[in-house]
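Structure record follows, encoded as structure tokens.
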Amino acid sequence: MTSQRADCGNLELRSQSCEQNLLSRPDGSATYCQGDTSVIVAVYGPAEVKQSKEFLDKATLEVIFKPKVGIPGCSEKFQERLIRNTCETIVLTALHPRSSINIIIQVMHNAGSLLSCCVNSTCMALLDAGLPMSCLVAAVTCSLSCDGDIILDPTSQQEKEAKAILTFVFESRDNEIITSNTHGIYSIKQYYSCVEACRKYGFVSCQSPLGTTNTVEQ
Amino acid sequence: MAVDIRLPRKRKRGELTSEPRGLVSPGDVITSDTGFMRGHGTYMEDDKLHASVAGVVERVNKLICVQPLKTRYNGEVGDVVVGRITEVGQKRWRVDTNSRLNSILMLSSVNLPGGELRRRSAEDELMMRQYLSEGDLISAEVQSVFSDGALSLHTRSLKYGKLGQGILLKVSPSLVKRRKTHFHNLPCGASVILGNNGYIWISPTVENESSDTAGGFIQNLEPVSEDERGVIARLRNCILGLAEHRLMLYDTSVLYTYETSTKYEIHELLKPDVMEEVIHLARLKLEQEGT
Amino acid sequence: MLFLDWECNCDIIQFILLLGDRLGRCEHYASGNGTYVRQQCIYSSLAGFVHEQENDDKLPILNVTREEQHTVIPEVGSIVTAKVTNINPRFCKCTILCVEDSPLKDKFRGMIRKDDVRATEKDRIEMYKCFRPGDIILAKVLSLGDAQSYLLTTAENEFGVVLAESEAGVNMVPISWCEMQCPKTNIIEFRKVAKVQPQHILTS
Amino acid sequence: MAADFKTAQPVEYYRQFLKKDVRPDGRELGEIRSTIVNIGSISTAEGSALVKLGNTTVICGIKAELCTPTNDEPKKGFVVPNVDLPPLCSPRFRPGPPSEQAQVVSQFIADVLKDSKMVNHEDLCIAEGKIVWVLYCDMMCLDYDGNVIDACIISLLAALRNVALPSIEVDEETAKPKLTSSTSSTMTVQSLPVSTSFAIFDNSILIADPTNEEENLATGVVTVVTNECGELCALHKPGGSSLSESQIQECVKRSFSRGDEIRKLLDETFNSLDR
Amino acid sequence: MPLDSKRIPGPRESFPVTNFISTEKDNPDLVNDDGTRHDGRKPNDIRPIFLRCGIISNAKGSAYIETKDTKVTCAVYGPRQVVRREDFKLTGTLTCDFKFATFSCQKRQQHMQSSNEKDLSLIVLQAMEPAVCLEKYPRAQIDIFITVLQNGGSALSAAITCASAALAAAGIEMYDVVVGCSTRQIGNTCLVDPAYDEEYNSKTGGKNNGSLCLGLMPSLNQVSAFIECGELETEILMQSIHSCVDGCMRIYPVVRQCLTKSIKSLQKHQDGT
């Protein structure tokens, strides 16, 4: 699915595209592009788990975040934890006790709004893997310029110039925030206007995934 | 040597003749009627039944399930599977059958050389690796499903057992149509085992059925003729093409595709546009037949 | 500084003692918990309080105890509370949570073999009908076992499952020595139920 | 027997308490444990502070060293914050390289340090393009009883305000640094961010300043970082149960009042030091 | 230095200020003319000691010792299950981990345990092993973690005292407490409980220049650990050991007092609940 918007104003997202099931080995895979930002995600599982990592009452969810270049460090671990916690909230891990679910996220290109792209891509890959989930999620990044204008889905240049960058993840049932991650300084009022601006598009994204599913069996 | 170079092809979306009805995504409310029973792929919250996977809603009387679009193999008793031995353990082999947990083949559920009614001795336990060792491929039937979803297999029939020469293909399990038999000696000169678990085995047809004393543990290692290998390679391409285009796999579909493909060289089938045409023709043929 | 000549201060029944302090001689007392014997003398091996325990005709026993929960590790014969983690047809694994009535800070692994589940009809035991992962059980330590785990047994009436959740997530009520019932759905599940002694019943 | 109940069914145990709007340690839901700050106790460090938040104890020691700046930013010094969760502080940590949690907390604090602009990196310049200060801020947890992020940020803030750097300039002839006077100068901390963490229990109840036990049982956590100007520096919620607008509002409100309390506490402590 | 990807990276290399600025003292001799030391102590004096048990809530037992500028904290965990299968044996296992905090010394310490720290871990471990009744803890492991928050000299002996106090506070059965004390020998002068500059000053060369550290079990009157470096004549060494033992005996009452206090507070706690 490609949702191109005619007017590329500030309160619009860049063109988005997603493809599922493009890798043959993993149980689920997806690539997600937001403008030039592109991420590919593979999901393995539920599969056997190492005894040391085994949980009695739920599946062990692991996220590996691979940057485009270089070796992963603390900031990658931070992203991993953020995405893992987000996934644990939506995946019904209790249905697969003592098994493992592995999510590998490979950044292909970062042109801004990387975190939201990763979350969206992961959600689509989980969907492709057919893992039981309580709902879907949609992530939207926005940036606050120095004048206080909100730019949705900013490019890396816009991120650099921004006063603050905020990323939200909404769930599809009640559209409530399940993850919020922010950089920079902003007022509480600005926070809420960002939430509202993002929520509007999070809602659109949440409605669309079925259209993107291309793996319909006959 | 000429090298065939082509531009990246925009993948064709599966031409959906009609949007399947009852398509849901996780979190969608299926019903708020409490009179229904909760099946696979659903969960209950606030007295409402929600979907937990993306898929198609199926209703059997009072039971509501969501059949996921794509899943690992969920075994059922009686299924024919192709698997690979991953571990030799105490009185059992562990087998990878593309399901969530490794399957188990008990020493007591195989036919050992020397007849069906032989007692299993301690020696047999030590000999286990001689019968089947890590990496060997087998065909087997699902005997029972454990409470945690793991499968117990058996090979207590002459048609099951260790696989000899041939090639293994892995496709989505949902593409394999359930039939009476999954063993086919195709008229083109090769045998196919369409495992319910999405593992497909293609091998040259063996003329004379081997005597039962071997118990299915002896591999025929005689060289396979080039013709036979050509047939196998063509079958492989056809089956992968069918899977790529999301057509169900069963003897007729495989055979028709094989037949329509004969006007091309085997290697030409690797080109996506050629394959697309072959599949299209095969599909038309299938629709004509009304199967 | 605190120095104690025990032989002169027999009238004091409780006294703070530090490790390495001499408590008395072997002719007069027997060595008990928290003490050790060295060169015919009994010394304290804990910082705590000394208690003299009458022992019929024999020498009185000297024990040193701490007011807080004594540092415990499971010993042969001790009764433990454990949580079932893992079941297969031959044995079940569990983590030991409490020894007697003191909770452990660090968990120990335990294992119940099929033969040790109950005393009768051993050959008809089905592990899945006795325990389920997540059950809280009472058991006795049979032996120190191997490096992996302690060997436990539930082959007595008062041992077995004390707390179990049904599939609906509700604590079940025992209805016989081998069955428990979910109060919400009324579904009966099989367990090796412990006959809980009155002093162990929760009153909250 | 209460202890047994707690070990066997911890969540149920907590529910019994929370029903009555009280926590097992006697606190109200929004109550934060008593906070104690001890500044400048480590004389081998250029700046140090020990913070106790209930049982949770974090010590921050800052060592200053000299290094050459990067070519891109020749006037900027470095501040390197790292959180250490050694096996000493809790049985859940094992010896070896930093655990995932330590890395995540380190990164969060590095982000807060950068986003809130606590330190003007140009203040750390000695000679442009040649030599600058690098401040290694190591926060070591001595007792881990939950909410380590809040304790770390307070200790970092206090230790940074405590930093005293020797006056140094570059000798023209030898091109080597030399001590200009024996007095040392304190550093200006530009902004004073304070974080407040909350745990979400049973998908709905918000409890402030969670202990280790509460963190383990929680279905989500939120950390709000506020500065002295009434602005937010971070609102970090890594997954977990979803929160409504009013609940977020409640957290933010509590964090602002908490931030003022802590800044007041720090001011008082520093004033008593000066006297 | 290899790049550490699990920590926030700093600049590639940096230098301590002391590399460029000499911090030499006016008086290189450790003893003033009137026989007192730099901090005004007599050679035989020990620094005042503050010792407290039970400061780490999560640990089974813990202790903190402060002797003026030396600050050491110690936690004891266990007895717990052995982690590695190979470590399994029928008596208990004791482990020890000794670490200087990065900011504890004049020069910044690395996060990774250095070989010196590993050596010190082993010394403390060997000092504790004879004192602990390990046969009472079959198949279990007892872990001692020591962190030096500030090294103002004699960190090792402080660590020994601190570790044994923590073990006793943890209720681990022991034959006796172990008390540690160090001395620094310069010629004929023996400085008990040396401060940082006394311990690490190597300027004063010459004969009979060394330092030693000793762990004593006071009730049993046995030595459980002894380490000496430098060159000392036998006679001088004996004298030095005697001053060390003497130092231990002066520290012992502090340990006793601290333990008694911790028992009392435990009792109070028990009565309170």
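Lettered A, B, C, D and E in written order, each chain numbered from 1.
Operating definition for what follows: a contact is a pair of C-beta atoms (placed from the backbone, for glycine too) under 8 Å apart; a residue touches a chain by one contact, two chains touch by 3 or more.
Just so you know, these numbers come straight off a predicted model, no measurement behind them.
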Chains adjacent to chain B and to chain C under the stated definition are A
Between chain A and chain D, how many steps is the shortest route if every step has to go to a touching chain? 1
Suppose you hop from chain B to any chain it touches, then on again the same way; how many hops at least until you reach chain D? 2
Farthest chain relative to chain C (centres taken as mean CA coordinates): B
More contacting C-beta pairs: A-E or D-E? D-E
Based only on mean CA positions, could you tell me how far chain A sits from chain B in angstrom? 33
Taking each chain's centre as its mean C-alpha position, how far apart are chain C and chain D in Å? 42
Counting in whole Å, what is the centre-to-centre distance of chain A and chain C, each centre being its mean C-alpha position? 49
Roughly how many whole angstrom separate the Cα centroids of chain B and chain E? 66
Junction residues of chain B - those touching two or more other chains: none
Chain C: which residues touch two or more other chains? 105-106
On chain A, where are the residues touching two or more other chains? 74, 77, 98, 171
In contact (per the touch rule at the top): chain pairs: A-B, A-C, A-D, A-E, C-D, C-E, D-E
Residues on chain A engaged by chain B in the complex (per definition of touch): 19, 21, 24, 27-28, 45-48, 90, 92, 95-96, 98-99, 127-136, 171-173, 209-210, 213-218
Could you list, by residue number, the parts of chain C that touch chain D in their complex? 81, 83, 97-98, 101-103, 105-106, 136, 163, 200, 202-204
Which of the residues in chain D end up touching chain C in this complex? 1-9, 16, 91
Per the touch rule, the chain D residues reaching chain E in their complex are 41-45, 48, 55, 57, 59, 61-70, 78, 80-82, 84, 86-91, 94-95, 97-98, 102-103, 106-107, 110, 134, 136, 138, 140, 142-145, 166, 168, 176-179, 212
In the complex, chain A touches chain C at residues 56-57, 97-98
